[in-house]
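Paired with chain B in one complex and with chain C in the other, chain A is shared by the two complexes that follow.
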Partner chain A sequence: MRSDRIAYLFILPNYAIYLAFIFAPALAVVYLGFTDYSFVAAPRLIGLQNYFRLAADRIFIRAVVNTILYWIITVGVSMAIGLALAVLLNKPRRGVAFFRGTFYLPNVLSLVAVALMWLWIYDPARGVLTTLCFALGLPASDWLFDPRLALYLVMVPGVWTMLGFNMVIYLAGLQTISPDYYEVAKIEGASAVEQFRWITLPLLRPITFFIFVMSSIRSFQVFDQIYIMTRGGPLNTTTTIAFEIYQNGFQYYKMGYASSMSVVLLLIVGALTLVNFAYGREGSEGV
Partner chain B sequence: MKQGKAIGQWLGLLMLLGAVASSAAWAQATKIEFWMPGQEPTIRSTMEGVIKKYEAQHPNVRINYTQVPWEEWFTKLTAAIAGNLTPDISGLGYGQFGMLVGKDLFAEIPLEAADRQDIEAWALNAGSYRGKLYAFLLPETRPFAYRKDFFVEAGLDPNKPPKNWDELREYALKLVKRRGGKVIRAGVDIPYLGWVEQVYLTFYAAKKENANLWEEGGKPAFFDQEGIDTLQYLVDLRLKHDVVLPSDQQSIMGTAFESGAAAMGFPKSQGLPMLLASRPGQIGFALPPKETYSKTLTLGTFLAVYKNAKNKKEALEFQRFINSKEAMWEIYKGILFLPTRKSLQERFITDQDYNRILAECLKNSVSYAVNPRFGEARKTINDELGEAFYGRKSPKDALKAAYDKLLELSQR
Partner chain C sequence: MPTGMARRERAQGVLFYVFMGILALVMLFPLLIMVTTSLKSEAEVYMQEAFTIFPQTWRFSNFIETMRVAAWGRYFLNSVFVTSASVVGSLFLNALAGYCFAVLRFPFRNALFLLLLVGIMVPYQALIIPQYLILKSVPLFGGNDLFGRGGTGWLDTFWALIIPQLSGSFGIFLCRQYFLGIPRELFEAARIDGAGPFRVFVHVYLPLGKPVLASLAILKSVAVWNDFFYPLIMTSSDSMRTVQLGLQAYRSYALFRWDLMMAACILVSLPLIIAFFVFQRNFMETAVASGIKG
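Now for the complex of A and B:
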């Protein structure tokens, strides 16, 4: 039909750009993952050698574990805090606009600036945390230089920047829930907690699904704060898949190997997204 | 009114003709693409000054200068190499040169006899591979520096810096400050994160003649008794004597000494004016404490012309100009890369108080041999040095593990 053709014409430029700059390069990366490409010479096919090496690469395995840990904790914590803030700031009260803006602000800051700020906070000699520990008579740590703590400390700015975005999306979701549900629940004698569990959470399911996917993609791509704050150290305790891709591709000139890492990352994120799609499709049947 | 309009129209026409003429001149001129890494505004202003002088002497040459921040440098240059879109001439990181020179990317420099006599041999060696010169080095070095005010505070003579490793340790024990059992001011800055191999190489070269981490080509060369003793000494400063703060050579916040959290250290020569300006009269300089030798780490940025440059002859000529006395002096004054010409040494030494020390440091310097797998080799050795500094492996085991991995890497 003519109207269909016109519609396709309108979306064609966007799809052309998507094909040229996202889909085609992604296919190229998949291909390069089967080669020993090092920029200078033409890529040479080496089959699955890169993937076999990945399976035995302790640092890459560490990066995968770190990335998954980073994803679980930052997404979980930022979603939980984001939801809690949204519920608290949903009711019109004095100062609510100020608090909404304040909590959202970290999301618009440059990640490099955020990383620098937290680097200063974590300075083991004179940073804010160390000074606070001394003032309270508590033992001060080496913070980012402590292999046991570094990964969790690097997660803090990640959560800090994500929770504002999550809060805003949850706020939007909360405001679409009809107050009639809560009125009926009140009449039936449901407590606030029961209302939250049986009305709010199920109706927020599509929103939760959206936030989960967006936050997950963001967390799996974590690079800036690793690069600025720790460069994967100490002792590879904070390295991530994205950081290893950068190191292998652009510092060691092993683009073939780095491409195979990218494919692994794509598979992990793809699998998570598919699982989450199944969860998200259920919508609000739970109410 | 009509007259004013006419004048305006003629002026506009003249401007248009001027623009067309200059673009025509530009179109006819030989163009050279020149990229430099680094984000400091002084690099741009200095290089543009050098370019202006060159263009005045060569009216048929136009140089298009691009400065790329270090954070973007590796991705940008790598993409350019992959797409065969390299500039005609570019700066290169020290390790980057080593990784790329063996891939036949750079044009050999035809050096005149007069230049070969005038440029320091160690500088020419640094930019050479298999006996051929491929790049000029713009060097920076790491003298030993100390805080005179902290010396006075600790009852030490501020005009008598430590002369050897034993004194370095004794001074560090007196200079360290602690609070609640935790070091808050290091006696000496030994960065044990980031590029640990830099401080390790400095000390290793002080213990063994012609020490290096690897031979040209990447075969490891550090697993010997001197290497083990060096690492043991450094690790003891942290684990046994506790005079060291966590410090990262690569940190964007600077090392512990640069940020005032250490009493002694090895700052980069390029950062000295800023360091001195922030703490006037408080910084002392000396050659690094001697064990058997006194050695200083010297790194810097290389300048190389690409073999596939569109205007290779002109690019080589421009490269030669950058390495001339005039341009070298201008680059030293603007960006603080140190001059490598013997004919400039007298002028250099008298230019600043501490330059005499820097000149001595350059003469007694050590730096990396060319390694085609520099990035990976550096990471590998740093991981193992880190294991020793955190007490997870003995220095001997750490160096043995690093040696085995680097040997395997060099044979791939």
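Now for the complex of A and C:
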């Protein structure tokens, strides 16, 4: 068979960039994770020392816990709301497109603008939230300056931007379910809740899993909101893995140490992706 | 009985719109605050006791004032340049590579494609340190010698902001999937007519690939225009700032002028909001295409 060797030339620019800026860095970061590298002197191999230090680094442990909390809550809430909205907006009704557009809109805004917007809403002195509390006679708080509240308040813009995306994917998933199932269920006398529980939910399982993995990867990398709204404070209550990579790598120039943090992030996201492949295949066989 | 059913359905319809209306208001409320704050006077923003959602005097001049305070012209120029160069370049290169992997035959095709897919799974923040070091040591740029030492390489240049964006495992993957769906007879026929592989790509596959290219263009524009983390680390001078970095730099100033800060946020978000209203359908289809098939 004829072979189009010219293809090598065509994929060359893409491949060179990929190797230089994705593939090589992925290997390099693993190497750098085993080194002491402060940017001035050459990297020095120190074995697993960075990882031992990580395990004892209270700020990093805090960052991991925060990231996991952020992940579970934002992903859980945005998926639940996204699914509910998708079910409600699945029927062809007048104005449905408007509502879908409204819920999706936050997705096209940059996280920087979104974070600034919420920073203003949370302003303890003049923000809308404080004003609202005043008007309702409720006690106002320091919001983002309150160590018990800050992490949860930072999650709100995350959920606000994610739920529309999840809704749209769920809507596409709902389109693939044949209306026949519901017809039969209705004839059998199944209620709306029963239909949801026994038809919609099981048939959406592959989509649910897919959304779960996608939004997990997204929320494990949370950085912009943290950088803009809290810089990890107060008292490290909102710091995350990505923010610690930034802090250690580019503020303290502890590049070896920050690389070992990157490897931790790489491993978590890598594990999630592998689970996706394994489970995703199983899911599609099930349908 | 039928009238009863109809009444129930109508009641359900009303309930639906009331419920959805409230939800939409809640979702839009932060945006409403952003817009109304941007139109209030400085004094009004500070008056908490006499708070009203809508401005007492509408100050459209805030938008002009905010543009004057920082070098927004420069930031917009940078962002427009970086975004359009990244979109045009990556679309062409990704489509070309996708075409190669879908249509052309060459040794190691599948192995090379699989190796490329690793890029889809990698979280970009985890690569930022080596990326920084690699950009810093691009030979013969930014005062570097042949071995990439001594200078700053591509850091703080347009090269750093554009070149890494041109490759894209996901873009190549999407294009390949799409081109696999095009009947191979088209390729064979064009080749028999004497067209080379590149001509077939330009005259047959590129025009047929419009839908997937539109999706990719949307994904890439939103990603590059809104990106913060990467340009934050790779640039340092004021003249290289993108709009997102501009917003962040503006923050310290605007903490005392939320009216101007919100106006700036709107200006930065406006291009994509307008694009979203015009191409709403395509935006949502893109989300699905990137989701389901990815």
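Observations on the structure shown:
We adopt the following convention: the second predicted complex is superposed on the first by the 252 of 287 C-alpha atoms of A that agree within 3 Å, B and C clash if a C-alpha of one lies under 4 Å from a C-alpha of the other, contacts with A are read in each partner's own complex, and residues count from 1 in each chain.
Please note the rule applied: contacts are C-beta pairs under 8 Å (C-beta built on N, C-alpha and C of every residue); 3 or more make two chains touch, one makes a residue touch a chain.
What you see is a predicted model, and the numbers here were worked out from it, not measured in a lab.
On the superposed chain A, the two partners chain B and chain C do not both fit; they clash.
In the superposition on chain A, A:Arg5 makes contact with chain C only, not with chain B. Once chain A of one complex is fitted onto chain A of the other, the partner contacts of A:Gly95 are limited to chain C, with no touch recorded for chain B. When the two structures are aligned on the shared chain, A:Val40 is found in touch with chain B, with no touch to chain C.
Contact with chain B, but none with chain C, is seen for A:Tyr253 once the two complexes are overlaid on the shared chain.
Within the superposed three-chain model, A:Ile228 lies in touch with chain B and with chain C [touch as defined at top]. In the superposition on chain A, contact is made by A:Asn14 with chain C only, not with chain B. Shared-chain residue A:Phe145: touches chain B; no touch with chain C. Applying the stated contact rule after C-alpha superposition, one finds that A:Trp120 touches each of chain B and chain C.
Chain A is touched at more residues by one of its partners, and among chain B and chain C that partner is C.
Of the two partner chains placed by superposition, chain B and chain C are both touched by A:Phe134.
Working note: chain B versus chain C after chain A overlay, options 1-9, 19-27, 73-81 or 271-279, clashing stretch identified as 73-81. Overlap of the chain B and chain C contact sets on chain A: residues 116, 120, 123, 125-126, 130, 134, 227-228, 249-250, 255. Of all residues in chain C, those touching chain A in their complex are 13, 16-17, 19-20, 23-24, 27-28, 30-31, 33-34, 37, 45-46, 48, 51, 93-94, 96-97, 99-101, 104-107, 109, 112, 115-116, 118-119, 121-134, 163-164, 166-169, 172, 196-198, 201, 222, 225-226, 228-229, 232-233, 244, 247-248, 251, 258, 261-262, 265, 268-269, 272-273, 275-277, 280, 283-284, 287-288, 291-292, 294. Those residues of chain A that touch chain B in the complex are listed here as 39-41, 59, 116, 119-120, 123-126, 130, 133-134, 137, 139-140, 142, 144-145, 147, 227-228, 231, 233-236, 247, 249-255.
Those residues of chain A lying in contact with chain C across their complex are 1-8, 10-11, 13-15, 17-18, 20-26, 28-29, 32, 85, 88-89, 93, 95, 97-113, 116-118, 120-121, 123, 125-126, 128, 130-131, 134-135, 160, 165, 168-169, 171-173, 207, 210-211, 214, 217, 220-221, 223-224, 227-228, 242, 245-246, 249-250, 255, 258-259, 262-263, 265-266, 269-270, 273. On chain B, the positions that touch chain A within their shared complex are 71, 74-75, 78, 81-82, 99-100, 103, 105, 179-185, 193-194, 245-246, 248, 250-253, 256, 261, 373, 375-376, 379, 383, 386-387, 390, 392.
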